[in-house]
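Have a look at this one.
Chains here go by letter, A, B and C, matching the order in which they are written, and residues are numbered from 1 within each.
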């Protein structure tokens, strides 16, 4: 596919109750790009992910590999290659790890369950019930379910939440490798600044639902508006 | 003629309102769907009946409320408290088991015959209203229903205890962390809920008479009301109780064969459209 | 173990169990005992229907008695109005039940938790009331006699009324149902529905549509109950609205919880135990309801996984002892 952008979001707006959680956000993700999405608490980052993945109703356009998917539901979006992970680990607690992956892989032709288990370090736990494995391992399971079938675009909602800095660093390296090797494009919401600035090609900053900065990590890091947004929210 | 039936509908609706207040209180605080609520109602009615034979109907009311309140408190203290964190199915089964036990108790002490109970002396007779003659006792049921539910809602809204109860219903953990003794409150609330069921039973006895199936009869209607109104919502239950009361009564007169279908059809229609019920809530 | 090996092993168990059960009437001569056993087996099949729905979908149904009872009425009405002989009537009724349940399932599986249970209660009661009130059609509360044609599927219809032969029929049906359900549970479809039960949202985010699979499970469970109801009406040659009442649904649900849903054998044993317990107790004492109530509470509080849980634990311990793990 020769589309310039893996993911395009145009004027995304999410309203619920009387609140405008996301206000006219637009972004374009190149193929193979790692995009960091940061912002103070309540900026609307998770909501953006919810809206793009179809979990939450929104106005505006979403295009995947050049194709408009705004009217598709969650199941349909996954089928054509838009996948996501969850901030609060979302797995199948009573099922064994291997069985979960098998079920998920069943709908994808030529999906190698063993490769996935290896890739995400789940081989030692494959016969254990998911509720019984450690938190970090559960997070990797959540991620592996999202990466299944090598989707075009992956939306990751705070994948490092609750992990130690060592685990976070390892995961960050892993994500970078996967992105290069598997050709997926990544939109990453994360609070750990070191990680985000470390692996992102471009960083987008949200505040109160609006996009306030978007540039290479070093430039964003030095941007006074971004600092103000974080300091403002901390004050 | 229709005025009379509408009034009768208000009577049954008021009764349902008293019953479902108890259910809503218990569900709100302990997240427990009390399958035994109809049996508590029945127990209240039979206890009231026996007391009224020896004393007077007012003592019957008080005795019934007291017995049920104590029972409710014990039920919460030694039962519901340990069950609220379990799978909701567990509490359904436990309260169903309780239903069986209570039915057996009632049948053992009072047998399977139907009984009638007379209304208190001063509430007998009829009154002229809206061009029709209406038994005064039934009017007093409507008044009682209004007073009890109104009082309950006001108390919950404005009193300190009411505030604690509403807080505990919304978020028991945080409320407990704030220093409110949620277990003691729950004990009180379940006692109140059970007492309300008992009171409903005593009030209903002169109107509907006592039978071994009176528990399950009203249980289904109560559940229909609570579910239509939205679990945990008093306002929703009120609207639903009035609607179901009218449907049952008018239906019994104008569509006798299939009257009992109507509440279920209504429930189906509402649940399929809006599973959280009229007022919407935690399903 | 490979899937095909599993099927082979299960099939062997099925044949063995079937053979053992079929021989029981040769050993037990008391008609009363055989009759009780027959009814227990029918009850177990009904419980499997309710328990399977609980297991695969996590759905609690208070309305499955409707499928149980309607099948009996369906057979009578098919004979009366369509002139069908009993055999074809049975096939038609169970198929129509499946179709109806599928449509109902498509609508109601989307509703969450308690609302689902209440909807099933309402549907069940609607049918109960219809059957109880439509005297012209259904004989009302008095019920209907089931007149059977001479032969049902090539067998003499007398066989279905006698405790000994009917026990064999019911037992073989039970074994077959257990076999088919276990195939379904172990299949990919079974794994999918378990995943959906565990986390419906995530299943959708993996790309699975979730309404049709759950409706399919609901349909299977309804058809199993309909099968039980068919056997019941053939055995007693009678149908009445009581077989649609929510108390029967509740009873089946309780039996499935006592038996536990993690193992099909647990459900079956639990159902049989519950049924026989109720029967024995009601003859011995008038307080049987209290005793059942107390037992119920005790089991669900202390052994929430029911008999099946105990069996699984026992099996695990045995396997550990045998050196495998």
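Quick notes on this one:
One rule holds for everything that comes next: contacts are C-beta pairs under 8 Å (C-beta built on N, C-alpha and C of every residue); 3 or more make two chains touch, one makes a residue touch a chain.
The structure presented is a predicted model; accordingly, all values stated were derived computationally and were not measured.
Under the stated contact rule, the graph of chain-to-chain touches is a line, running from one end chain to the other without closing.
The interface with the largest number of contacting C-beta pairs joins chains B-C. Each chain gets a centre from the mean of its Cα atoms; for chain A and chain C, those two points are 45 Å apart. Inter-chain spacing, taken between the CA centroids of chain B and chain C, is 34 Å. Rounded to a whole number, the gap between the C-alpha centres of chain A and chain B is 49 angstrom.
For chain C, the set of residues that touch two or more other chains is empty. Residues 53, 55, 74-75, 78-79, 83-84, 86, 90-95, 99-100, 102-104, 106-108, 145-146, 148 of chain A are the ones touching chain C in the complex. In the complex of the two chains, the chain C residues touching chain A come out as 188, 191-192, 194-195, 198-199, 201-202, 204-209.
Put simply, chain C touches chain B in their complex at residues 60, 107-108, 111-115, 117-119, 121-123, 125-126, 129-130, 133, 246-247, 250, 254, 257, 286-290, 292-297, 300-301, 304. Those residues of chain B lying in contact with chain C across their complex are 33, 82-83, 86-90, 92-94, 96-101, 103-105, 107-108, 216, 220, 223-224, 227, 231, 257-258, 260-261, 264-265, 267-268, 271-272, 275-277, 283.
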